[in-house]
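To keep things simple, chains are lettered A, B, C and D as they appear, and every chain counts its residues starting from 1.
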Amino acid sequence: MEEYKQGVRAFFKNDKFAELVGAEIVEVTDKCVVVRAKIGNEHLNGNGFVQGGMLYSVADFAFAVLANYLHPASVTQCGHINYIRPAKTGEITAIARETERAGHTCISEVIVKDDKGETVCICNFNGFVKDVDKLQWIKGV
Amino acid sequence: MEEYKQGVRAFFKNDKFAELVGAEIVEVTDKCVVVRAKIGNEHLNGNGFVQGGMLYSVADFAFAVLANYLHPASVTQCGHINYIRPAKTGEITAIARETERAGHTCISEVIVKDDKGETVCICNFNGFVKDVDKLQWIKGV
Amino acid sequence: MEEYKQGVRAFFKNDKFAELVGAEIVEVTDKCVVVRAKIGNEHLNGNGFVQGGMLYSVADFAFAVLANYLHPASVTQCGHINYIRPAKTGEITAIARETERAGHTCISEVIVKDDKGETVCICNFNGFVKDVDKLQWIKGV
Amino acid sequence: MEEYKQGVRAFFKNDKFAELVGAEIVEVTDKCVVVRAKIGNEHLNGNGFVQGGMLYSVADFAFAVLANYLHPASVTQCGHINYIRPAKTGEITAIARETERAGHTCISEVIVKDDKGETVCICNFNGFVKDVDKLQWIKGV
């Protein structure tokens, strides 16, 4: 499994958009994926808060890593985000946990927190799991 | 109204994250807002497709511009995205249209298309409209 | 096609829950499905408004009819509802229109209105379209 | 608090639609609300499964009870449902837990299970909390 975990990390190192927005994988386990981003001026909206697209992007990336670690070749079907509090500075952390897996469907909740531990937004993702072998997938990428 | 439209555009020029991801306001009218982004390598995921966070970010930005043009000082409460087809190259265009406004709530649908005119994703946003005067808002920003 | 439309209506006549809540199919065309319900005391919540589950149920039923009329053997993957205004008496009407179909995915918007034509809620549904022949499906049900 | 809990239960006894669909409050605590419904023929769709509107209605009711128990005079702004597995017979149970409360916003996750304990659907609700005193609210209803 450790080899597979390394493969997933390597695959997501090729995610150029995650790199652009500064989203970094901090932790990958069977229970959760943690993604973090240091907030700079480039992440802010006109009001000086972390922009909504940035918050979503970090959450979505955490889900993508988790879903593909647990079930290779998952694709996101829907994402849903509830904005709770504004975030301004420091860093934001997205923690993705799978709520359910059944058949071709996997559902995760992703909570994004600021560096005081306050919840900034709460997301839910619905992924479609393809019929692909894990090792085959990791060799192909 | 033309003065206000200029004010809204000026305000969103200060959106640093929109700048980072390359989202540009193309059109602002009472009927719709159009936002466009040229796709480069930095917008792609590990599979070589436009990353899900990028797609959402462009849609969310179009909604933010529209909601604040129509109703000053709107904030996004929830966003929902359905991914339909992958997009790879060229440019993506988000068209935001308001579905409904009632009391403090405004709802928009945003459709993101690739440069062949094919729908890439369909989003829905729910905004909270604050009690703020339009001209007061634009002077304050 | 007329034969198939009759088949779909017959199939949905067997929807016992739609019968329980009083949801009736008014119109089935390629462009939209209209479902209506007369509001009685049994549809109200503790505040005397049409209950949120009732509003969703009528919308969901309109989507189910439309999706299965256009693409046999569709199943709902996700539903999303934005509540706009309360409804109290008279009747409510749900109009379902398909926004997009691509591959196994179909997306519809359903708007529920009260009898003054005011929008009560706005829903979006994501359906999975199975690989089934239309006539085969209708004979099997 | 016990007096208030009784008040909430009394208020929701007046929910006529919950009565129509057979949704019964089983448990009300600070941590969760449990709602149950015995499944009869009247809850089934044309395929013989529990209808999607029925599943949503039970989940939405559990959220409404929880939100109003924790924060009087909450109204649902959005509901989101992911369908996971079909349910056929026996009973269904919705367990609502609050994920977050901040300012006027409260977010809950509601999981609906069949009588084997399998997850049937996963819902998320976003409520708006009004500025109302708890005891004032309960006396008014």
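In this section, contacts are C-beta pairs under 8 Å (C-beta built on N, C-alpha and C of every residue); 3 or more make two chains touch, one makes a residue touch a chain.
Here the structure is a predicted model, which is why all the values come from computation and not from measurement.
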*Relative to chain A, which chain has the most distant C-alpha mean position?*
C
*In degrees and to the nearest 5, what turn takes the CA positions of chain A onto those of chain D?*
180
*Length of the line joining the C-alpha centres of chain B and chain C, rounded to whole Å*: 29
*Using mean CA coordinates as chain centres, what's the chain B-chain D distance in Å?*
33
*If you average the CA atoms of chain A and of chain B, how far apart do the two points sit, in angstrom?*
22
*Which chain A residues touch at least two other chains?*
77-78, 80, 82, 105, 126
*Considering the complex alone, what residue numbers of chain A touch chain B?*
11-21, 41-47, 50-54, 56-58, 60-61, 64, 75-83, 141
*In the complex, go through chain C and note every residue touching chain A.*
77-78, 80, 105, 126
*chain A contact footprint on chain D (complex, rising order)*: 80, 82, 84-85, 99-100, 102-103, 105, 107, 109, 111, 119, 122, 124, 126
